[in-house]
Amino acid sequence: MDKPPISRYPVPALQDLPEDLRARILEVQEKAGFVPNVFLALAHRPAEWRAFMAYHDALLLKDSGSLSKGEREMIIVATSAANHCLYCVVAHGAILRVYEKKPLIAEQIAVNPQKADISPRQRAMLAFAMKVCDESHRVDEADFELLRGHGFDDEDIWDIGAITAFFGLSNRMANLSAMRPNDEFYLLGRVPRNKT
Amino acid sequence: MDKPPISRYPVPALQDLPEDLRARILEVQEKAGFVPNVFLALAHRPAEWRAFMAYHDALLLKDSGSLSKGEREMIIVATSAANHCLYCVVAHGAILRVYEKKPLIAEQIAVNPQKADISPRQRAMLAFAMKVCDESHRVDEADFELLRGHGFDDEDIWDIGAITAFFGLSNRMANLSAMRPNDEFYLLGRVPRNKT
Amino acid sequence: MDKPPISRYPVPALQDLPEDLRARILEVQEKAGFVPNVFLALAHRPAEWRAFMAYHDALLLKDSGSLSKGEREMIIVATSAANHCLYCVVAHGAILRVYEKKPLIAEQIAVNPQKADISPRQRAMLAFAMKVCDESHRVDEADFELLRGHGFDDEDIWDIGAITAFFGLSNRMANLSAMRPNDEFYLLGRVPRNKT
Amino acid sequence: MDKPPISRYPVPALQDLPEDLRARILEVQEKAGFVPNVFLALAHRPAEWRAFMAYHDALLLKDSGSLSKGEREMIIVATSAANHCLYCVVAHGAILRVYEKKPLIAEQIAVNPQKADISPRQRAMLAFAMKVCDESHRVDEADFELLRGHGFDDEDIWDIGAITAFFGLSNRMANLSAMRPNDEFYLLGRVPRNKT
Amino acid sequence: MDKPPISRYPVPALQDLPEDLRARILEVQEKAGFVPNVFLALAHRPAEWRAFMAYHDALLLKDSGSLSKGEREMIIVATSAANHCLYCVVAHGAILRVYEKKPLIAEQIAVNPQKADISPRQRAMLAFAMKVCDESHRVDEADFELLRGHGFDDEDIWDIGAITAFFGLSNRMANLSAMRPNDEFYLLGRVPRNKT
Amino acid sequence: MDKPPISRYPVPALQDLPEDLRARILEVQEKAGFVPNVFLALAHRPAEWRAFMAYHDALLLKDSGSLSKGEREMIIVATSAANHCLYCVVAHGAILRVYEKKPLIAEQIAVNPQKADISPRQRAMLAFAMKVCDESHRVDEADFELLRGHGFDDEDIWDIGAITAFFGLSNRMANLSAMRPNDEFYLLGRVPRNKT
C-alpha cells in the first residue's frame, strides 16, 4: 500500500528548497536519523517556515528559566491533545518520553494530565497551560500567585504561556494541512536504548 | 489618573532595545504616528519578538493570493473576538476600518460575523476561520470544497488558516500579558479623514 | 448603495403608528437627534412594544438603588456581547460611553469585562450578570453574599439580574429580527463634545 | 414542617398591593382556584410586574396566528427546561397538559423534545425555539425557510421567537428569586377531570 | 390511536423469552402491577439483559452502605435528566416519589437539583454524581474529602459513582432504542394511596 | 521507587477472591501473560465484577454481527479518549493494535478519529459512537439511515451503541477509582512479534 501523503498541500523536494531550509533539515536528519514531517510540510511556505522555526527555537532551545526540557514537552503534549492535533501529540510525545526517560508519560499526559505520574508543581504548570489554551482571557493575577507558590517566577509563566500559544498555532497548521506524523515517532522512547 | 501599564510584564525603554527592534519600531511610529503597544510589550523577549514580526509580515505583508488586506483584517477581528482578545479586536478593528473605509465594520464582525455588511464569499471565509479557531481538528475536505466554490484556491485557504493560527498565538500572548491597546486605535477609521 | 433594512420584518411608517407609540418616538427623536431603530423595529407589534418599553423604563429610568446609570449600561453591554447581539452592543455601548464619559469602555467591556478599566465592585457586578445570563439556575446564596460584600443590597442584586434578564429578551428579539443599529451609535461618545 | 418560601425576596400581602395588581390576582384565583406564585413573587416590584404581565398577555392571550395555545406552552416548557427553570417547567407543564389534554406531554417535552408525541411541524417549531433560546445570533434565513415549509408564516415565527425570548426573561427572574411553583401545578392535568 | 412502540427494536413476546427472563418479568409484574418497558425492550438481547439486571440488582438491591433507597433514586433522576433520558427520568422519578413519599421531588431534582427540597448532604451527593456523569476525569481527592465531610465513607462514594456510571449506560441504551416509559409511571407516587 | 497503586480503593489479593473470579483471572493471566488491572480493581465488589464481565463478554466475545473485533476496539478507544479514561485508552489501544496489526492506529483514533487510517465505513461507525457517547438523546432515524448506507444493519447499530454505552460505564468506574493501566499495555502491538 502506498504511504498516505504527509500533508494536504504540496511538499517540496529537498533539492528545491532554499539553502537555509535545506541546511537545517539536513542537520535535523543527521541528529534524529529522520526528518520530522513538520520541517517538510511547512516548507511549502519558506518565509513562514523561517518564522516558525525561529519562534520554536526561541522557546524550546533557550537555556534560561526553571522549566526543564521535559516540562516544556509536557506542556506541548497536554495542549496539543486538547486541540486534537495528531502530529504534535505523537511527535512531542516521543520527545517527552526521551527527555524524561519515562515510557508511559506521553499517553498519561495526553489522556488526562491529572492522572499522570508528575509532581504537583508540574500539575499546576499544566493546569495553567490548559487555561491559556482554552480560555486565555480568564488568566488573571490569581493564576500568577498560584504558580509563584509552586516556585515559578514570572518569566517561567511567560514560558508556559508562550509555549502553549505557539503550539496552538502549530496545532492549527497541522490540522489545516492534515500533517502526518512520521511512523518513527510512535515507538521512540518506549524501550530502553540498550534493549533494542 | 495614571495611565494603566500596557503589559503585566516589564516594558523595555526604546533606547535599551536591540538595534533591529528599535529601527522597526521607529519606522512604525513614523508611519502610524504612534507605536502600537504590541511592538513594545513583546520586546520583553527580543528573540520571540523577531519571530513574531517575521511571521506577521509573512502573512500580512505578502502580495500574492486573492485575499485583500481588508479581508485579512476581517479574519483577525472575527477570531480575536472569539478569543476575547481586547488588544487585537481594538487594534485590528481600527486597521480594518481604515483598509475597508467602512466605519461600522469592526463592531459588526466582532459581535456577529453573520450580520456584518460583507459578501457571501467573505462570510464563507470567516466561517472557515472560526472553524480553524475553535475546532481545527474537524477541518476536512468538505470545507475546502466549499471555499473553492467561493473562488478561493488552496493557497488562499492556507492564508485564511494561517492568519487564524497566528492570531490565535497573538491573542493568547496578549491575554497572558494583559496587553493594553493604544487609546489611538479606538477612534481610528471612524471619521472620514477630511472631516476631522 | 441602498441602506440595508433595519429589520427582517416590516417596519411601520411613523404616521401609521398608534398615537402613544408615535408620541414616545418623537420625544426620543427630539432628545437624541435620531430615532433608535429598536423603537421602529419593535413597533411591528404595538402591544409588545408597549410592554417592552414599560419594562425598559421600570429598570433603566428608576432613581432608587445604588446602581448608577452607567453601571446599568455596563451590564447591558457585557451580557449583550455574550449573546452576540449587535444592536444592543452598539447602541448601549454608545450610551455607556456617554454616561461614563469614557470613550474606551464599551469595547473593553464587550470583549472582556475582566480587562476593563472598572472598579472591583463593578467587576463583581458584571460577573454576577454573566452568571444570570449564562447559567441562572446556578445562582445561589453564595452569590448574594459575595455581592453584599461589595456593598450591593438585595434590591441592587434584583436590578442586576432583572436588567440582564430583560436584555436577554431584547437580544433575542434583535437577533430574531436582524435588527440593525443606527449608524449614529458607532461614533457617539467617542470624542469630547467640544472637539467635534 | 413549614412550607418553604415562594421567593428569596419579600412577598407582599394581597392587601398591600396596588389595586390593579390585586384585581388581576383575584381574577386569576377565581379562575384557577389558586394564585400562581409568579403573580405574588414578582409583585415585589409593581412596575416590573405590570410590564411582565402586559408582555405575557400580548404573547399568550392573543387570538391571531397559527400557533395553538397548547403549542405556545410547548415552547415555554421546552425552553424553560433548557434554562433549568423549575417554576416554568412545572407551572407551564401543567397548563400544557390541560390545553393538550395529554397527561404525558410535559415530561416528554421537558426531557427531550425529539422524543415527544408531537407532530413534525411541532418538532420544527421547538427546534427553532431552542435555537433562539441557546444561540439566537445564529438564526438566519435558512431557519425561516425551514419553518415556512412547515406552514408557519413570518408572524408565527415572530411568535415562536418572542415567546422564547420572553420566557428567557421569566426563567432568569424565577431562578434569581428562587421562585417556587405552587404544589397544585404538579398534579394538574394528569388525571381526567371526571376521574378525580 | 395506536400506542407508539416501546422500542425502535423488535420486542419479544413474553412466551418467546428464555425461562429466566420470563420468570423475573412475571415477578416484577406481580409486584408492580405492570411490566416496566425496560424489561421487555432490553430482552431483545438476553445475554445483555442478564448482565444489565445483575448490575442493576448489585447496585440498587444491596442493603449495605449509608445511601437510602430514595437517595439512590435521586442520583438516577438527576443524572438521567442531564443525559436527557425520558425513560429513566419518568420511571425512576416515579420510584423516587414512592420511596421518599414526596410527590414534588422528581421534577425538582430533574430540573434543578440545587433547588430541590433535599438536605445539604444530598445536595453534595448529587453534585458529585453530576461530576461523574459529565466530567468523571476531573474527580479527585478533594471530591472525596468533601463527601467524607458530609458523612459518606469511601464505599458510599463508590456507590454514588457506580449508580451514576450504570445509569449512564442505561440512559444511552434507552436513547439508542427510543425506549418509551410506561404510561403508569407518570402518575405513580403523586397522590397519597388512600386518596385514590 | 514504589509502583503507584492500581486503584484508589483496596485491591483484594487473588487468594481472597471468590472462586469464580479467581478462575477467570487465572485464565486471563494464562492467555495474556499478565492480569489486566481492571480484573483486580473491580474485584473490590464481586457482584458488580460479575455483572461487568458478563456485559463485557456479551458485547465483545459474541460472534454474530458485521463488526470485526478490531472495529469494536476502535469504538472503545475513540469514546474512551472522549471520556479521558487513561485505563481504557491504553489497554484497549493495545488490543486494537494487536487485532488490527496496525501499530499506529491507537494514537490516531484516540487523538482524532477523522484523521485515522480507517475506511469511510469505520469513520461513520465512529461518528455514531461519538454521538451516543456525547449526546445520545439526539440519536434519530437519520443516523440509522446513514449507517445502513454503509452496510450496517440495525443489530450492528445496537452493537455500536451498546459498546459505547458499556464503556461509558467502564470509563466512569476507571476514573472514579483512579484505575491504573498495566505498564505492559503501552508497548503491546507496537513491534512485530518476531522483531522483539
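Each chain carries a letter (A, B, C, D, E and F) given by its place in the written order, and its residues are counted from 1.
Criterion: a residue touches a chain if its C-beta (ideal position, glycine included) is under 8 Å from a C-beta of that chain, and two chains touch if they have at least 3 such contacts.
Small disclaimer: the values here were computed from a predicted structure and weren't measured.
The chains that touch both chain B and chain C are A, D. Touching chain C and chain F at once are the following chains: A, B, D, E.
Chain pair B-C has a twin interface among D-E, A-E or A-B; that twin, with over half of the contact pairs alike by residue number, is D-E.
Centroid to centroid, with C-alpha atoms defining each point, chain B and chain E lie 52 Å apart.
Centroids built from CA atoms put chain F at 45 Å from chain B. Spacing of chain A relative to chain F, judged by their CA centroids, is 28 angstrom.
Contact of a single residue of chain E with at least two other chains is seen at positions 84-85, 112, 115, 137, 175.
Applying the touch criterion to all chain pairs gives A-B, A-C, A-E, A-F, B-C, B-D, B-F, C-D, C-E, D-E, D-F, E-F.
Listing the residues of chain B that touch chain C in their complex gives 4, 81, 84-86, 89-90, 93, 103-104, 107-108, 110-112, 115, 117, 175, 178, 183, 186-187, 190-191. Those residues of chain E that touch chain A in the shared complex are 137-138, 140.
For chain D in complex with chain F, the touching residues are 112, 114-115. Chain F meets chain E in the complex at residues 8-9, 44-45, 47-48, 50-52, 54-55, 57-59, 62, 83-85, 132-133, 136-137, 139, 144, 154, 157-158, 161-162, 164-166, 168-173, 175-177.
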